[in-house]
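Note that subunit A is present in both complexes that follow, paired respectively with subunit B and with subunit C.
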Partner chain A sequence: MNVRSQISMVFHLDKCIGCHTCSIACKNIWTDRNGTEYMWWNNVETKPGTGYPTAWEDQNKYNGGWAADGSRLRLKSTSKTQTVFNIFHNPSMPTMDDYYEPWTYDYQHLFNAPEGPDQPTARPISMVTGEPINVESGPNWDDDLSGSPIYAANDPNLAGLSEEEKAQLSAIERLVFFYFPRICNHCLNPACVASCPSGALYKRGEDGIVLLDQTRCRAWRACISACPYKKVFFNWSTGKSEKCILCFPRVETGQAPACFHSCVGRIRYLGVLLYDAGGIERMARLPEEELVEAQRSLVLDPTDPQVIAAARKSGIHDAVIESAQRSPVYKFVKEWKLALPPHVEFRTFPMLFYVPPLAPVMANRGATGVENVSQDLFHDIDTARVPMRFLANLFGAGHEGKVRYTLRKQKAVRWYRRALTVGDVGVDLAERMLREADSNVEEAEAIYRLTSLCTVDDRYVIPPMYREEAIEMMRDPLEHKQGVGFGLLRGPRRGM
Partner chain B sequence: MTNLATYFDQLLFVALPYVAFFVFFLVSITRYHWRGFTYSSLSSQFLENRQHFWGLVPFHYGIIVVLTGHVVAWLIPRQVLWWNDRPLRLYILEISALACGLLTLIGLVSLMLRRLTVSKIRVVTSKLDWVVLLLLLAQVVSGVGTAVLYPWGSSWYAAMAAPYLWSILKLNPDLTYIAAMPPLVKFHIVGAFALILVFPFSRLVHILVIPNPYLWRKPQVARWYRAPGEAAGEPV
Partner chain C sequence: MKGVLHVAPLAVLVLAGPAMGQDAADFFRQNCVSCHTIGGGRLSGPDLKNVTQRQDRAWLVQFIQNPQAAMDRGDPIALRLREEARGVVMPRIVGMDQARAEALLNMIDAESKLEKSQFVGLQISDQPFTPADIAQGRRIFTGDRPLAGGGPACISCHTIRGLGGLGGGFLAPDLTKVFERMGSRASLASWLLAPATPGMQATFRQRAFTSEEILPLVALFEDTGRGGGQDARVGNFVFLLFGLGGAAAALVAFGFAWRWRFKAVRAPMVEAGRRVRGLV
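And now, the complex of A and B:
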C-alpha cells in the first residue's frame, strides 16, 4: 500500500446559486494579467449548456483524457511517438475562438469624442489586439439558459436522451437548470501531467496539488488538449501554460482557496483524502461502469490502524492523518457516498467531487404540497424534471445507479428533517425512507448538519503543510537575509 | 586576389564563426541559467490555427531534413561521396534535398504572411522575430538558389565545405576551398553564422530544449519537498 495524501474537494450543487462570486475572487487574484484575461480557472456553468470552452465535454472534438485499450491506458490526444510528429502543430488544440476573445470598452472615447449630434458610446475593444470587435461570445454566454436553443441544445450530456425528454427540459413550466461550478480537479491520474513533453507539470507529492512549473514550460501545448476538463490554459502573451493552483499560498497558511472562501452558497468543502497510489493505473483501466466505485476504493479509511501505519511509513505527518480523519470530503465521498466525480469516464480520477442536485427533482410536485400517494417513495426521482440520464452522463459515466443512490439518500434525509421540523410527514415513514435509501437516523443527522449548519471549520479542514520545515531543508533562509529572496525574480515577460 | 578580398574572407570566415559560436554558447548557457523562464517556443497556435498548420508543418519538416543533411555530410563526407558515386543515387539525394528546401521555403513564406496579416499574431511578434525570419528567408532562398545554380551540392559540400567546417572546429581555419566559392555560396555560409549569432537572443532557443526525456520518462510526475518515505520533520 503506497499511501499518499490529497487535498480534495466537494461541491454541493444543491446549494449553488450561480452568483459567480468564486469566479470573480479567482480572477481578481490570479488572472487579471496580460495574456490571461480570457482564463477562468474557476468558472460557473449552467447545465444544460455547452460550458466554457464551448462543448468542452465533447472529447470527439477535443480528444481529452485517457482511453483504455484492453490492458493499456493511453492518452487520447498524444503519445510518445505522436509527440515527435505533432510538436510543431497540435491537431487537437483549442483556440481562443473556442473560449472567447476578451474585451473591454473604449471608455476614453466618452471623454475625448468631438462634439457632435449624438451621445458618444464606449465601443467594445479586444484586449488582445486593442481593435474594436463585435462581441459574439463570453465565458458564461449561456448563463441561466440564455439562448438555449443554440447553446444548451448542444450539451454533450444530452446524448442518449429521448426526444421527449429533451423537449421536456425546455418546456414551459417544466424548464429546469442547475449550476455547475468548475475548477481544476487536481486529478489522481492527470492527463495534463502525463502529456507534458517538458515534464513541467507535476503533482505535489505532499498534497497532490497539480502545478505547472513556469520555468520548465516550453509551450508545446500538449497539456491543453490532454486535459479533458480544459482546465489548463495557454497564456498567449508569455507563451506559457497556466492553471488553477488551488491557491496553494493560501492553503499553506491555513486559509481556504479564494473561490472556497468567497462562496456565498457555502457549497464548497475541502479536506484531505488518503489514497493508495499503487492502485491508480489498474483502477483507471476498468470498464466505465466500474470507475466510480474503483475511484472510491482507492480512497483509504484514515482511522484504519493499517492505513495509519502505512501512511506514517510513506512520510505522511501525523497532523495530516488527523486532518484526514476529520475531512468533510471523506464523509461525502466514502462514508455517505453522496458525492460523485464529474465525467469519471475520462479516466483521470478527478479529486473534486459533486453532490448531484436534488432541488429540481423535488420541484415537480402537485398543488397540494408534498404528496406521498405512490407506494414507491422514490418514484418522483425517476420522473424528475432533470432526466436521470442527463445526471448520469455527467456524474456516472452514463450509468444511473450511483446517481440514483445519492438522490434517494438526499431525498430521504430531506423527508426525515421535514418529519422533524414541519411534521406533515410521519417519522416512521421518514425512517422507512432512510432505510430504503441505505441510511439511518444517525447518518441523516450528520448529513443534515454538514449540509445545512456547517461552519467554516466544518467545511474547510486544511492540513498543516509544514512548508517552512520543508523549505528550510532545501534552502537556508539566512542565506537570503537582506537579499531579494528566491523564486522568479523577474517579471514573466515574453522572450528575452 | 586583392588584399581587400582576403581581408574580408578572414573577417567573415574566420573571425565571424568564432565570434558567433562564442556568443552562442555564452548567451545560451547564461540565459538558461538566469532567464530560464524565457526558454519557450512562444507558440501562437492558440491565437490562429489554420495558417499555423500550413506554415509551421512544412517549414519544420523541411528544415529538419535539410539541416540533418548538412550535419550528416559534415560528419561523414566520405560515405556521402561514396553514395553519390552512382548517378541514380546522386539524383535521388539531390532531388529530395531540393524538394525539402522548397518545402521549407513554402512554409517560411506562409508563416511570414501569417505574421503580417493576422492581427492577433502581429501583437505577439517582436522586432527580433522579424530579424530571425528575414535571416531565415535569406538563408533558405540562397540555399535553394545554390542547389539550382550549382548542382550536385551534396558532393561538393562534402568535398569542400566539410573540410572548412572541420578546420574551424580544429581551431586551424583553412580557407583554401572557401576563397574560390561563388558569392551566393559565400553568402549562404555567412548567413548561417549570422543565424548562430542571433540564435541565443531569439526564440530559436526552443531548439535547445526539445523535450527528448519525454520519450523515456514515466507518464506521471510528482515532486516532493522531501523524498517520499522520508520521515516527516527530519532533515534530508
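And now, the complex of A and C:
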C-alpha cells in the first residue's frame, strides 16, 4: 500500500445558484494578465449545454483522456512516437473560437462619437487583435439555456436519450437545467502530466495538486489536447501553458482557494483524502461500469490502523492524517457515497466530486392547479425532469446504478427532515425510506448537517501543509539567517 | 645532427633546380593553356612564342603577377593587350609569385626554341561541323553519352538554348553564347582542355575531357551561339508552371490525406444548427 494524501473537493450541485462569483474571484486573482484574457480556470456551465470550450466532453472530437486497450492504458491524443511527429502540431487542440475571442468595449466612443440621430454605443473590441469584432460566442454563451436549440441540443450527455426525452427537456412546462461549476480536477491519473514532452507538469507529492512548471514548459501544448476536461490553457503572451493551481499559496496558509472562499451557495467542500497510489494503473484499466467503484476503492479509510501506519511510513504527517479523518470529502465520497466523479470514463480519476442535483419533481398543470405526476416514494427519481440517463452520462460513465443510489439517498434524507420539521409525512415512513436507500437516522442527520447547516470550518478542512519541512528537502531554510534579507526584487520608486 | 641541419637547405636548392622546369610546365598546363599557346596562334590571350624577345623581361615578370594592377596604372602595353583580347583581362593566378613567373618565362623561352612546342594547343580545322557532330555534342551535353573521364554531364550545372523540357541547370552560366565570348573554336577547345574557373577546375582536374568529346561540344556551342535550337525562355516558363502545379497538387493531396483533421467545433455546430432551423 503506497499511501499518499490529496486535497480533494466536493461540489454540491443542488446548492449551486449559478452566480459565477467563483469564476470572477478566480479571474481577478489569477487570470487578469496579458495572454490569459480568455482563460477561466473556474467556470460555471449550464447543463444541458455544451460548456467551455464548446463541447469539451466530446472526446471523439478533442481526443482527451485515456483509452484502455486490453492490458494497457494509452493516451487518446498522443503517444511517445506520435509526440515526435506531432511535436510542432498537436492535431486535437481547441481553436480560439471554441473557447471564445476575448473582448472589451470601446467606451471612449460614448464620449467621442460625432453628433448624430442615434445614441452612440460602446463597441466591442477584440482583446487579441485590438480590432472591432462581432461577438459570436463567450465563455458562458449558453448560460441559463440561451441558444439552447443549438447549444443545449448538442450536449454530448444527451447521447442515448430517446427523441421523446430530448423533446421533453425543452418543453415549456418541464424545462429544466442545473449548473455545473468546474475547476481543474487535480486527477489521480492526470493525462496532462503524462502527455507533456518536457516534463513540465507534475502532481505535487504532499497534497496532489497538479502544477505546471513555467520554467520547464516549452509550449508543445500536448497537455491541452490530452486533458479531457480542457482545464489547461495556453498563454499566448508568455508562450507557456497555465492551469488552476488550487490557490496553493492560500491553501498553504490555511485559507480556502478563492473560488471556494467566495462561493455564495456554499456548495464547495474541501478536505484531504488518503489514497493508494500503487493501485491507480490497475484500477484505471477496468471496464467503464466498474470505474466509479474502482476510484472509491483507491480512497483509503483514514481511521484504519493499517492505513495510518502505511501513511506514516510514506512520510505523511500525523496532523494531515488527523485532518483526513475530519475530511468532509471523505464523508461525501466514501462513507455516504453521495458524491460522484465527473466523466469517470475519461479514466483520469478526477479528485473533484459532484453531488448530483436532485431535480425538481415533474409536474403537470391540471384542472385544479399543479399536480405531481407520482405519489410513489421513489418513483419521481426516474420521472424527474432531468432524465436519469443524462445524469448517468455525466456522473456514471453511462451507468445509472451509482447515480440512482445517491439520488435515492438524498431524497430519503429530504423526506426524513420533512417528517421532522413539517410533519406532513410520518416518521415511520421516512425511516423506511432511509432503510430502503441504504441509510439510517444518524447518517441522515449527519448528511443534513453537512449539507444545510455547515460552517466554514465544516466545509473546508485544510490540513497543515508543512511547507517549511517540504522546503528543507530542497534548500536550507536557515540559508539567509544573519544575512541582509532577500534583497529587493524590484526597487522602490521614490522621490518627488 | 648539427651537420644535417646545415646541409638540409643546400639539398633543397640543389633539388629545386631541375624540378623547377617540370613544375613550370605543369603549372602552365593547369593555368595558362586555356587562353595561351606557344606557337599555336592566338586564343583569348596572345601566342606566347618568343614573348621575352617582344617584351621587356622585368615588365613581363611584374605583369604576370598582377595583370589588373598594370591596367589600373594605365600602362599603355597592358591597355593594348586588353583591347586585343576584346576586354578580357588576364586573371590573377593563385600561387603566382616572382620565382614562379621567372620559371614560367624560362620554360616559355625553352619551348619557343623547339620545332613544335607541347603547348601548341588543339588544332581544329576551319571546315564547317556536320549535323552529326552537333547531335553528338548535344548527347554529351545532356549526359546521354557519359564523359569518358567520369566527369558529370554539362546539363547538371549548365543550360543552353534548345534543350527543351525544363532546360538544364542554373548553378553555372548559361552556355548559349559561350562561343561568342570565347571568340574562336581554338580558344573554346583550349579552355575545355584545361578549364580555368574554380568550379570547373575542381570538378574536371582529375576527370579531363578527351579530344573526342571536346570537338562535338565545340560544334554544339558554335551551333547554339549562331542561333540554333529554340529559345531557352520557354524552358524557364515550363519550369515555373511545373513548380506551381506541383505545389498545388501537393496541397490538394495533403488536404485529402488529412481531411478528417480537427478544424473547429463551435462554428460548424452553430452552422449546422442554424441550417436545421432554416435560419441560413
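To be clear about the criterion, the second predicted complex is superposed on the first by the 450 of 496 C-alpha atoms of A that agree within 3 Å, B and C clash if a C-alpha of one lies under 4 Å from a C-alpha of the other, contacts with A are read in each partner's own complex, and residues count from 1 in each chain.
Everything that follows uses one rule, which is that contacts are C-beta pairs under 8 Å (C-beta built on N, C-alpha and C of every residue); 3 or more make two chains touch, one makes a residue touch a chain.
Please read all numbers here as calculations on a predicted model, not as lab measurements.
J.: In the superposed arrangement, does A:K481 touch subunit B (first), subunit C (second), both or neither?
T.: Neither partner.
J.: Just checking: does A:V193 make contact with subunit B only, subunit C only, both, or neither of them? Give me first, second, both or neither.
T.: first
J.: Just checking: does A:S137 make contact with subunit B only, subunit C only, both, or neither of them? Give me first, second, both or neither.
T.: Second partner only.
J.: Under the stated touch criterion, which partner chain does A:T215 make contact with: subunit B (first), subunit C (second), both, or neither?
T.: After superposing on A, A:T215 lies in contact with subunit B but is clear of subunit C.
J.: Of the two partner chains, subunit B (first) and subunit C (second), which one does A:A55 touch, if any: first, second, both, or neither?
T.: second
J.: If you stack the two complexes on chain A, which partner ends up touching A:T95: first (subunit B), second (subunit C), both, or neither?
T.: Touch partners of A:T95: subunit B and subunit C.
J.: Counting residues of subunit A touched by each partner, does subunit B or subunit C come out ahead?
T.: Residues of subunit A touched, subunit B against subunit C: more for B.
J.: Starting from the residues of subunit A touching subunit B, keep only those that also touch subunit C in the other complex, and list them.
T.: 93-95
J.: Please name which positions on subunit C make contact with subunit A in the complex.
T.: Residues of subunit C touching subunit A: 261-267, 269-270, 273-274, 277.
J.: Which positions of subunit A touch subunit C when the two form their complex?
T.: 50, 53-55, 58, 61-63, 91-95, 97-98, 136-137, 149-150, 153-154
J.: Could you list, by residue number, the parts of subunit B that touch subunit A in their complex?
T.: Residue list for subunit B touching subunit A: 31, 35-49, 52-53, 56-57, 60-61, 119-120, 122-124, 126, 128, 201-203, 206, 209-211, 213-215, 217, 219-233, 235-236.
J.: Quick check: in the complex, which residue numbers of subunit A touch subunit B?
T.: Against subunit B, subunit A makes touches at 80, 83-84, 87-90, 93-96, 128-131, 189-190, 193-194, 196-199, 201-206, 214-221, 224, 234, 236-240, 312-318, 466-467, 469-471, 473-474, 488, 490, 492-496.
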